[in-house]
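Before we start, here is the structure in question, set down as structure tokens.
Order as written gives the chain letters A, B and C; numbering starts at 1 within each chain.
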Amino acid sequence: MGFEVLFKGKNAIRLIAGLGIAMRISIISVAISIFLGIILGMLMSMKKPIINAIARVYLEIVRIMPQLVLLFIVFFGISKMTGLNLSAEASSIIVFSFWGTAEMADLVRGCLLSIPAIQYESSKALGMSRLQTYVYVIIPQIVRRLIPLSINLITRMIKTTSLVMMIGIVEVLKVGQQIIEANRKASPKAAFGIFAVIFLLYFLACWPISCLSRYLEKKWES
Amino acid sequence: MDPDILRSYIPMFSEAFLLTVRIGWIGILISLALGILCAFILYFRIPAASFLVKCYVELFRNTPLLVQLFFIYYGLPALGIRISAEVCGALGLGLLGGSYMTESIRSGLEAIPYIHTESALSLGMSRSQLFSSVILPQAFYISIPGIIANVIFLLKETSVFSAISLMDLMFRAKDLIGLYYNTTESLFLLVVFYVIMLLPVSVAGSVIEKKVRYRMFGD
Amino acid sequence: MEEILRIDHLYKRFEDMPVLKDINLTVNKGEVVVLVGPSGCGKSTLLRCINGLEDIQEGRVLLEGEVINPAGKTANKSRLKTGMVFQSYDLFPHKNILDNVILAPMKVQKRNRAEATEEALRMLDRVGLAERRDSYPRQLSGGQKQRVAIVRALMMHPEVLLFDEVTAALDPEMVHEVLNVILDLARQKRTMLIVTHEMAFAKAIADRIIFLDEGSIVEDSAPEKFFEAPETERARRFLSTFRYENVK
């Protein structure tokens, strides 16, 4: 079935290292997205017309532009326009953070707006200051709703990083292709084995995180 | 940006656009059919089939389309299963989308409060009448926002088709960048055509969503 | 007096928890029976057993001599002898008022639309809602929704009407309009079993009061007697929860 190539040399380790590159890009991008997304989400919930107009255009761009198109624009376009030579990895982190920030900001805004006004009012009635209201009442509720959603963003980010091979980063799919190419004679069925294993590797990377996010969502629902 | 270059590229991009849209929408139709079928299997808790559907949904929701396409297009031929790039694109998108559609439709079905089942039964309706005239229409309205989001997501995912050597918009753009270094023009047309593909769907989606929400919840 | 509903030695358990214990009850045609008791006493469950929504472990429920069996093939048919109105607004949100009311007559009784519509409008008019025929449930107040729900149940021409705390979720000013509709039905000599916490209403409408506690019928008496001189300590304690001591 073509699984034997995995046990040749360091092939298995090379594949996992390839996935590691994808993971590194996604973790950096998620960290940036969460940080910037929370700030933008809070700005958006203040209902300032100018901020909201800009944010809406930004969110709509992210909503309808495929990440791969954005990746092309940054990787090929920026260097052409500015002469700046961005590495493929830097380009992908920029694009995925651009995308993730929009997603995160939308979630944060939704959470903030979903807190009923009565909670602010009753905190005020109890004599709490604005800061105390946020620290003891609002933020704990938002964090509980946001954590599962941000964990979910991690899995989506990991899946999206598979795109980086299209701008030439040697990640798991590319390593897979190289292994298949090198063993074309010895293991003609390697393509099946390798791609099945990559399929499984991605699943093993994402599934537990999905489960965790769903578990937390259920647990904190009530 | 050179207008002459733009003009000379438009026919090539149009052709690629039509191919992308065609395969994209075929994939979406497959995903809807698959999603409805799987959601029904889960809703009615059909033994064995339910388990298989759950495995399918988890597997395809937790892997990228690119990997799924590589497996189908490059992996399966090693075992003698060979399908054309176009079929592979539509099928891959349909399988990925099916797993998302299943979740949207299932959650719509399960969102109907149990009191509706009870009141329909107490009015003497049979199980099938209950399902077809009470549960299903409501579930449809509730699922609409999820389905629209999935359609937009799937249309965006078509951008990876070039990886299985389909001559789609991305393929065209990359090709022209590589051949003539007309990066700006190629990227501009790429963006324009994706806007043409997705903006109408996004706008129509928002309008439909508003209408449906008004119909169901009155706000 | 013609007997219409008979319950013999009914036992109902949820898992291992007994909910109803040895319920025996007969109701005559045209009688209005009000079921009262503390929450969790099993009164709603009893109504649901009569409507065939709950399976029962022992005993039987007979409507006009026919056994109600929720698992049986004819469950949907025999269930139609009773019409049930629930506590929460259970109107179908995707259908307008008229369609809510005529859905079951058309689907279940295969009546034609024109004829069902005619009857529906007559009945909606009687509860003052004919002009809202094209509205959707969300556009109605809670009281209006419950009046529609009553009409919806009446459209199936049930022999016995079951009301399960139909005003419990309503604002006080809306309770009145719904209870008036039920009083109107009593004047038409409908057979009704009513679960309610509105004691003044119970006193006004009931021919008999049944007091349930911990799954058993504790008292079964005329309203005057139940409210003035209840026989048991448990009923006295229950009734005292509706009175307040004067502290001025």
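What we mean here is this: contacts are C-beta pairs under 8 Å (C-beta built on N, C-alpha and C of every residue); 3 or more make two chains touch, one makes a residue touch a chain.
Bear in mind that the values here come from a model prediction, so they are computed numbers and not experimental data.
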### Message
As a test of understanding: of all chains, whose mean C-alpha position lies farthest from that of subunit C?
### Response
A
### Query
By count of C-beta pairs in contact, what is the leading chain pair?
A-B
### Task
Compute per-chain Cα centres, compare each with the mean of all protein Cα atoms, and return the closest chain.
B
#### Entry: subunit A-subunit B separation of Cα centroids, rounded to whole Å
20
### Task
Calculate how many whole Å lie between the centre of subunit A and the centre of subunit C, each centre taken as the average of the chain's C-alpha atoms.
54
### Task
Averaged over CA atoms, how far is the centre of subunit B from the centre of subunit C? Could you give it in whole Å?
47
### Summary
Within the complex, subunit B is touched by subunit A residues 1-2, 60, 63-69, 72-73, 76-77, 80-81, 155, 159-160, 162-163, 165-166, 173, 176, 180, 188-196, 198-199, 202-203, 206-207, 210
### Task
Sort out for me which residues of subunit B touch subunit A in the complex.
58-59, 61-64, 66-68, 70-71, 74-79, 152, 156-160, 162-163, 170, 173-174, 177, 183-184, 187, 190-191, 194-195, 198-199, 202
### Query
Which residues of subunit C touch subunit B in their complex?
51, 53, 76-77, 79-80, 82-84, 86, 88, 90, 92-94, 103-104, 107-109, 136, 138-139, 149, 152-153, 156
### Task
Sort out for me which residues of subunit B touch subunit C in the complex.
113, 115-116, 118-126, 129, 133-134, 137-138, 141, 215-218
